[in-house]
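Chain naming follows the written order as A, B and C, and within any one chain the residues start at number 1.
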Amino acid sequence: MIELADVRKVFNQGQHNEFRALDGINLSIEANRVTAICGPSGSGKTTLLTLIGCLARPTSGRARFKGEDISGLPERFLTQLRRRSFGFVFQQFNLIRGLSAEENVMLPAAPCGRPQHEVRAKAAMLLDQLQLAHRRDAKVEWLSGGEQQRVAIARALINDPEVLIADEPTANLDTTLAREFLAILDGFASAGRTVILSSHDPLVIQSAAVHRVINMRDGRIVAA
Amino acid sequence: MRIWIEQQRALIDFTLASLARRKAKNLGLLAVYTLLVFVLASVTLFSHALRHEATRVLADSPELILQRMVAGRHDLIPPGYLDKIGKIRGVQKMEGRLWGYYYDPVIKANYTFMAPTAGDVERGTIVIGSGLERIRGLTQETGISFRAYSGKLYSFIVADILPHDSELISADLVLMHADDFRDFFGFPAGHYTDITLSVANPQEVRNVAAKLAAALPDSRPILREEVLRTYASIFDWREGIVLAILSGAILAFAILAWDKAAGLSAEEKREIGILKAIGWETGDVIRMKLWEGVLISLTAFLLGYLAAYLHVFYAGGILFEPVLKGWSVLYPRFQLTPEIDGLAVVTLGFFTVIPYTAAVLVPIWRAATTDPDAAMRS
Amino acid sequence: MIFQPTIIALLLAAGLGLAMLLAAAPFAVQIIRHWNIRSGSERQLQLERRTYLFSTLLSFVLAIQGIALLLFIFNADRLAGHFVGAMCAAGVLNVNAYGYPALIAQIASFFLTALWLVINHVDTRAPDYPLVRIKYALLLALVPLLAANFLLQLWYFLGLKADVITSCCGSLFSAGAQTLTGDLAALPPQPAMIGFYAALGAALLMATLHAATRRGGYLVALASAAAFVAAIAGIISFVSLYIYEHPHHHCPFCILKPEYDYQGYLLYIPLFAATAAGLAVGALQAFRRVPSLAEVVPRTAARLAGAAAVGYLIFAAVATAMILRSNLILIG
């Protein structure tokens, strides 16, 4: 589904503080599986996720999504692809404060121009599935950590993406909530979605819900 | 098209919610913006209404006025001029007028003394404008004395007061009998201040003026349309000067708008990063921000314009009267006819919305081009 | 110069548009020199970001141009009272030699800005942005036009001197009545009418054909340009007469006045929109062989041609309705 060939990402190119976040990554990720990228902080897992999720372009190398070369796509087209095909759950959840849970869930659909009632119905359905129907109109800053994460998951799914990307999803959860989250992920994989997450939480890496673990260090993939 | 409308609707929804969330910041800008529109709109509404008023007033005045010139100065019309002009084709009516200025040391202002041609003021009485009524505290049947330039004191009884609706021109007016007028100013019999001519066909006015100039080389004809044009120019010019002075304020406002738009809080930056990460495109963020600008501009424009309308037409434009009016020392107090001019509204938009938009474009773009992966790297 | 708010506003708008493009010009040069879509380097990402600023800027300039065009004419009309012999905008524009050139420059900047935006729109539909260099070269070409527009307006307004009463004598002798409304082509009504409907019909036909078959794009542009000229000539020579119900009043501007219920806008807005769309169809044809635009260009061109056809149809219908409703009889 996703293939990376000799991908590099360099920040502050040509300056004295040049930094190679990724250095020659070759990787292929299969569809309908849960893949975990793990490694210490600064190993480049988040940067790798941004390239896979079309949030950024590699400095060099080729990236393919479903056979299509996306490494040279301008931001406008990357965004369109991202909107349709990827959903994101961030470490800090990154919900917009001051808006209700439902409004947050509906945000990624705004630029799509889908009819509003349709989006609202979809949001209600997702919140219901994640047992959040009763908190629909609550402002997100009033929600608990677990609830916030479920709102973030619902938001990631509003455009029906094929791939769900989660960055350190359990970093802000206790063990019970983390297990709950893994159970939700398992459900996605069996429902035909691809899940890619980064983590250094042993609970995630050793979980049966995760099908494949990729280890990283210093911007390279290392053997487990 | 449908998709586009749904898109804009979603963007506007978000914009409204985010404006509501940052009330303090936006209210400040809105207040300044509204104030700017208010000041500029007051100026334009006021001068437009004055122009309109002047046109209305002059509509009843004669098409042509003939003045005699001596050494380049306006002088009295000597006897016999009316006959010298004789009959000119196209002239309906021709008559000599008696009027002059009188300086009243009591209130340090000039009055216009005039003998109405219709002549319905009794000897020894006067009809006064409402400015005098107000300032000298005169009412009907009260008496008043004026010391003539000859030094002699003349007393008159106020017979009537002119209607208030013509106050712009009649505030300082004193009407009296022609003989009283001649006595008061020491005009010899047969002399007039000037001559008015009524010409029915507007195309003929210039020909009549040319004939007058040929017949009486020491006189100058003044056309009503020229007076109108002069007034229009004067009001335009005053309005322009005021706007030029206020351009400093416009600039200051533009800088404020730039600053507000450029100085995004950390919270706002984070939000834009999130929006971009979850699938908003740079263009979408720019459009959202532009909608924000449109909503703010529209609100400020409507509020400011409404306030200016009330200020000019119901509060008499108290704040700007001294600058824009200056018609005579006796400030006429009058109600302007409410008038809105499309051209002036568009011009006002040019002066406010365009500087605002120009000022916020670059900051908006800068905010909108936040890296989408910023949300991941926080 | 007449120190008048609307004049200041117009100069401000023209100056602002020019200043924006001038400030942007060095960046456009950078894009032309360093653009490399295949690269993921930071400089390329920077340049791509800049393109968003340019589209937004140009849309803003177009909006200003459009409104300024209306304001320019409207204000000229309003100034008629300031000049001896000027009855409406036509006379005021004739007051000095820069009036009509300024109007034409204003119209030209409006159309060319619109064309640039259409090309920009098409370009951003293709993932490889194939027209970037052409687009930014065209952007640089717009600069002198906007500069000309600004300078012509400046000269025109600076040259306006109102005939006001001076202290020595009436202005009667300072200006003759010779500046009367310029003798705008007054064609005999019948041939003008034939030319008017023929040109509009041709443009309508070409645009409809192109919308349906996607052929003859250049012809659409040609027919649109011809229709624009014929339409303006037609308005001057006979449509205006029917609106004013006066056999000798040929002014193309007075129909915008409130006295005539702003009927002119019903004519000019569809005409300008249709002509901009029609010209854009032609401008796009040059790019239909670009591989990544092979689908986008014909589709956009067809849509524009459709819009142009609708515009011309509305224009013709409105003009015809005005003629039929009028009490004036020109052709027995």
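Following the convention adopted for this analysis, a residue touches a chain if its C-beta (ideal position, glycine included) is under 8 Å from a C-beta of that chain, and two chains touch if they have at least 3 such contacts.
Computed from a prediction, not measured in an experiment: that's the story for all the values here.
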Chain pair with the higher count of C-beta pairs in contact (A-C, A-B): A-B
Middle chain, criterion being Cα centroid separation: C
Whole-Å separation of chain centres (CA-atom averages), chain B against chain C: 33
Gap in Å, rounded to a whole number, between the CA centres of chain B and chain A: 63
Inter-centroid spacing, chain C versus chain A (mean Cα positions, whole Å): 49
Of all residues in chain C, the ones touching two or more other chains: 49
Numbers and ranges of chain B residues touching at least 2 other chains: 282-283
Overlap residues in chain A, where contacts from two or more other chains coincide: 75-76
In the complex with chain A, residue positions of chain C that touch it: 37-42, 45, 48-49, 124, 127-129
In the complex with chain C, residue positions of chain B that touch it: 44, 72, 206, 209-210, 213, 220-223, 225-230, 232-233, 236-237, 239-241, 243-244, 282-283, 286, 290, 342-344, 346-347, 349-351, 354, 357-358, 361-362, 364-365, 368-369
For the chain B and chain A complex, residues of the former touching the latter: 2-7, 9-11, 13-14, 17-18, 21, 267, 270-271, 274-284, 371-373, 375-378
Footprint of chain B on chain A - complex, ascending: 46-47, 49-50, 55-56, 75-76, 79-80, 82-83, 88, 90, 92, 94-99, 103, 106-116, 119, 155-156, 159, 167
Contact set on chain A toward chain C in their complex: 11-13, 57-60, 71-77
